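In structure tokens below, several structures.
Across the two complexes that follow, subunit A remains constant while its partner is subunit B and subsequently subunit C.
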Partner chain A sequence: MNTRTRKLAVLTSVLALTALAGACGAGGKDDDDKGGGGGATEVGVTDAAVTIGGTFPLTGVAAPGYSEIPTGAQAYFDYVNANGGVHGRSIEFLVKDDGYDPTKTSSLTDELVLKDKVFATLGSLGTPTHNAVVDSLNDQEVPDLFVSSGALAWGDDPGAHPWTFGWQPDYEIEGKIIGQWVSENMPDAKVGLFLQDDDFGEDAEKGVREYIDAQVVEAQRYTSGNTDVGPQIAALQASGADLVLSFTTPSYTALGQLVSLKLGFKPQWYVSNVGSDPTLVGGLLERFSEGAVPGTASSLNGVMTTRYIPGVDQPDNPWVQLWQKVWDESGQDGELTNYRIYGMSFAYTFVQALEAAGEDLTRDGLVEAIEDDGGDFAGPQLAPYRYSSDSHLGISGMQVVELQDGVGQPVTDVLTTDIGDSEIATDDSGQADDAPPESGLPE
Partner chain B sequence: MRRLAAVWHSTLGRHLLVTAAAVLVVVLVVESVDDFRAVQLTQMAYLGIAAGGLTVLTGLNGQISLGHGALMAVGAYTTALLVSDDPVLPLPVALLTATAVTSAVGVVIGAAAARLRGPYLAGATLALAVALPGVALHFGETLGGEQGLRLRVPETPGWVLDAAYFVTAHDLTRSKYVAYLAWFTLVVVYLLLANLARSRVGRRWRAVRDDEVAAELAGIHLGRARVSAFVVSAAAAGAGGAVMALAVRLTAPTGFTLTLSLTLLTAVVLGGLGSLTGALAGAALLTFLPSVITDAGTSAGLDDIRAAELAPLVYGVVMVAVVLLAPRGLVGTLHAGWRRLRNPAVTPDPTTSADAASPGATVATSKGDTR
Partner chain C sequence: MQQLINTALGGLTLGMVYAAFALALVLIWRSTHVVNFAQAPMAMVTTFVALEIIDHGHSYWLGFAVALAAGLVLGAVVERVVVRPVEGGPEINAVILTLGLFIVLHALASVVFGNRYRSFPAAFGIRGIDVGGTTIALTGFGIFTILAVLAVMTLLVLLFRFTDLGLRMRAAAFNQEVARLLGVRVGRMLTLGWALAALVGSLSGLLIAGGSLVSPGYMDSVVVYGFVAAVLGGLDSPVGAVVGGLFLGLSLSFVSGYVGSQLVALAALAILMAVLFLRPDGLFAPARERRV
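Right after this comes the complex of A and B.
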């Protein structure tokens, strides 16, 4: 470059920069009103479609079982869309894989909200993962519906998180219901607790101790990710516990069972609903033991658990028959599983919420509809929802069952309660006898 | 005009000019993208900051660290603790404190690391990456245990909003505020690292890397040079971690697994060992590649699970391809090609070349590839 061109280049760039600085100046800030537009158009909603999304572990350690949940929800939305959608709108459900890593959940939820412009998030899975995004979703006033986790944080304080709703029964009421059952039916049992070391275990322990604090002889915790649970199970064995209440995810249910087999520890087991899917746990047992334990559903025989929606072990239930039909019509690979039923069930609730929110769909309207009408939503759940302006917690109760060859035999009626010191009562709403409408679409 | 040329010929002057241009580019880019891109840019920035520190350590001083994710965790946890406090510290103060705390940790680890070589050093830092999340679990009361610490980005200060409005005539959103914070941090960190690399300190680091005996004969204290390199690198990782805490809004052990440390190393290797531009390029690749691949997979008709599985596959293939075809990394290879074009007669020897450590240049020697 000779001197002249170089001078010219420098001059041009200086001029360009000056022009740029001048062009971008706004001078000062006016106090202009931010006209909202009166809800004429809502983010993620058109006359033809409503776009929603959620984050799920599709890869990684938490993927077995859990990755099937969004496929179930998708199947039900396909069914609804094929039948005309809701208020003429089809439902577009976007699924993002966070691999159960909160860092990824955060950036993927940003992607859903800021790039894909979803109207709401639906069914996003996991306690630690959803913890990373609950504040930002509420700050941005995005409805955060039916989180796939039973932590109390998704609904016990609507003042703090007005846009977030839980769906499944929270872990505290599950702890209360099994706690009361033990105090009435096994008053002499020495109880050991095997807990996941986060809100899951903490909330459940709180509920259990409300009824049988004196009976608990040992509480052991594991950290999700560390697969050695030998010390915890050995400590439970050493404490002389003859009943172990296990609030664990499926992988840790299997690990706990396996280590107990090795140590010859044979207590009566109760396994939390989220960790007791007999087919999945059986499969995991076979894999972890490298084939030494047969991977059949009967490997959890005699184990007690709870249920709050009908599952694949009840093929005659009208809801399960509907889910089977929906699944077959969707043409996706694989069998109908409890996880897919779970996804379909919350999808059903979402469709109800959309219907209740009316034709002029807004975020405010949706939240209002769930608060006002959610308590009376029909559906597969065995006990009614608790939705109101004071509580965003979901299903209010569950039934204790005992597993035999993968089938849950009822041990109690459907019991309902709420967090805190509210009483446990037999459900008299008749919700469990609810059958789906002929069309398979909520009315 | 001659004065401008003089400025360009002094290292500091050149770096300051590049910095000013970088600030301008940052403002232009952040203003022209939507909020989601701003969030992605923030992610790129925190990976870039930490990778910049690592590339200085590995490329200039020849120490391999598999534990930089743990150092980022120190920065992130410090920030999370400081910002959740009431009254809230101004964010720049929180960032500086996090950097200082991480440097202090870096002194301790660096002192131990200075005694170790090659695979032993890699092993020790690997242990750090595996063990540190355990600390957060042990002190669950203060550090939030498995659940981690949630962090709300404080309100953007009024004067920042006014200043941003003055320049751009747009209201500054929270995500763009964090993006600015992240990128200005990156610019400052890179300016400091580039200057340091070109200074006497940087020459000592390289001397120690190239030949320890010769360096000692020249009067260089080996231990001091190694520890100082580690501390500087740790400080950058701490700043990166602090920005990460603001961007992710949750600081939990699951965010700082071994994968993060390996990701940083990947960024450095992909971009080109020892080059700050390379570290930035690597960070960009790691930030944008997965979402591009997943989107491509989805639009090619794959279902969600298959599309999600595609990203790690392509990532691995790209990594292997770069190592096989461009062992100096993307930027290193481009740079070598550029040199050959301009100066076909002379065999380049980057070790002695004058601009080896300026931002945009490869610092790794051709011999350095083996380290």
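Right after this comes the complex of A and C.
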């Protein structure tokens, strides 16, 4: 039986290598040479155009929903370009698919910076993915704008990452706002946490525990990529939690709901803004068992979430009307979705930043403009930005809503706060009543 | 207690899927002495075929049957067209070839079916069964999974142990020359082995897809766990494959529930290494002859 053992050994080593290759996926740091610096003209900028780029998961477990974000941003840039661009320059937006895999993010970002020579990165998506490139972008002094993730790392310490800016409300203030709401309105609830096992879950947990540490009976974490969340939900059920705060991406929101159905676990759910799109999650849930889960948007009925920009459930909102017009004019396939609106919204902020930076566009000038003027940028956000030289964090607040047939019913006013022990207050800036200019271009 | 039961039941269903995949590997190993790395993408392709049929408004079971039939055909075609030219050479050539096939099928599926995550329906409902007022983590589809895998295992045992055909397949795999001299149509046996293995593989693809999300990569983790299960069982034994699958499914479920989901892949590797240290031929290998 000698050959047999040998064959088995070959097979085993191949298998071990496969597993090892998988396990190594998370590493990936690169020591790049400095990318081409200043000079007379800025990298990625000509008189006619400015080239920017970003990495997004167009494939893989994080792709549902998130893959639509760059299409929205592209639609808005098409609209701006058709109306003369910014300071006479059109905006060229390059999109790379990293599949939510940090190793790929590194090489694709290098490609954007070194080969495509982008002026800045914009909207690059994901906490674990962007963590892999944030240092290298800052070392190379490439503006790294409006990361599509609410991790604190994108703005809580501008000294460490002077070139990186967040955009959406960070997960800590989302955790704080829902934490305070629970402590005031459901003080007897036994709270379970269902968290993604990275900065996303960690930052949110920090915020939640500031208010309801004593109410939390169980915290369970899932690893993105492993679609079996049965054991985690079983543990939450066993803990007796009757309110689950879920900081999950859309696929995992769907998987969590599905397993709960399997286990007969029926708590009150709160789902983080990033994972609660009723159309998308409902669409994923709907077909699992012909008819066992009710139709599209209503499958998340009664689930609480937050919102910080107007979405497709508010067709009368002037911003949503603008986005609808922009989307229709772009002629891309598909409907206007909340993810596309998200992409358009940060694209709008980027156009504002370009305008504020003036005609002589430089990387330094752009960062300075956001730090100086960003706090006063108008736009669709319900609460003002926090941009300054001390903070590169984005939108300062959000509103708690409850989903009914895909429409978010306000539960609170727009609440604003900041990281750390900053108080939560009702927003009095009137930002939420802001309407877009007639032209649809920031003024 | 409830968590213990539910974690165990979740592991049981998952283990059965690993077992189904391991059975396909055992089948192909016994009938051709090759390990087929392309098993997973082949199953992924047939599952997508089923999904396309269901999405066009046909019944779940039509999709199910067509996927199994597609598996049978795909297995035979792969053997005749791709593997046949390297047969007779060192077996490692065929193994490497299946690795290449793995990548090609992956890419083709992305082009044809798209890279989106799509949900795959499950027959028999996805709500847990009610036992005395508490819901346990065993769905109608879970029970179907368990029964289907046990049935396949029994059929394979019967095939190899009690039928003439099974004997001929084993002979063809064991020694082609001698088998040929004894009148076995070796080429035909190899094709049949691949076809049957792909059929069982398709079944495992359908079982793991039911009530979950599918994308071109959804079988990738099953490849690793299915191989581990098959190796645990000794690669030769259908019963061993099922026991290996169950053991792995339960262990990983408990690791995920009580230790941490980030350790699942590591635990699978640790189990594999431990078994190979203690019993290099797998748990169910026949006693070794002594070498003199």
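Criterion: the second predicted complex is superposed on the first by the 396 of 443 C-alpha atoms of A that agree within 3 Å, B and C clash if a C-alpha of one lies under 4 Å from a C-alpha of the other, contacts with A are read in each partner's own complex, and residues count from 1 in each chain.
Assume a residue touches a chain if its C-beta (ideal position, glycine included) is under 8 Å from a C-beta of that chain, and two chains touch if they have at least 3 such contacts.
Here the structure is a predicted model, which is why all the values come from computation and not from measurement.
Of the two partner chains, subunit B is the only one touched by A:135; subunit C is not.
More residues of subunit A lie in contact with C than with the other chain of the pair subunit B and subunit C. Once the two complexes are laid over each other on the shared chain, residue contacts for A:115 go to subunit B alone; subunit C is not touched.
Shared-chain residue A:435: touches no atom of subunit B or subunit C.
In the superposition on chain A, A:106 makes contact with subunit B only, not with subunit C. In the superposition on chain A, contact is made by A:235 with subunit C only, not with subunit B. In the superposed pair of complexes, A:214 makes contact with neither subunit B nor subunit C. By the touch criterion defined above, A:70 lies against subunit B but remains apart from subunit C after alignment on the C-alpha atoms of chain A. Of the two partner chains, subunit B is the only one touched by A:199; subunit C is not. With both structures placed on the common chain, the touch criterion links A:58 to subunit B and to subunit C. The interface of subunit A with subunit B overlaps its interface with subunit C at residues 7, 10, 58-59, 67, 197, 223, 225. The touching residues of subunit A, counted against subunit C in their complex, run 1-2, 4-5, 7-8, 10-12, 14-16, 18-19, 22-23, 58-61, 63-64, 67, 197, 221-223, 225-232, 234-235, 237-238, 251, 254-255, 258, 261-265, 284-290, 292-293.
Contacts from subunit B toward subunit A in the complex involve residues 1, 4, 24, 31, 34-36, 39-40, 43, 137, 140, 145-148, 150, 152, 162, 165-169, 174-175, 244, 247-250, 252, 254-255, 291, 294, 303-305, 308-309, 312. Chain contact summary for the complex, subunit A toward subunit B: residues 6-7, 10, 17, 24-29, 58-59, 67, 70-71, 95, 97, 100-103, 106-107, 110-111, 114-115, 127-128, 131-133, 135-136, 139, 197-199, 223-225, 332.
Those residues of subunit C whose C-beta lies close enough to touch subunit A in the complex are 2-3, 6-7, 10, 14, 33, 35, 37, 60, 91-92, 95, 99, 110, 115-122, 125-128, 130, 134-137, 139, 211-213, 215, 217-218, 221, 223-224, 227-228, 231, 235, 253-254, 256-258, 260-262, 264-266, 268-269, 272, 276, 280-282, 288-289, 291.
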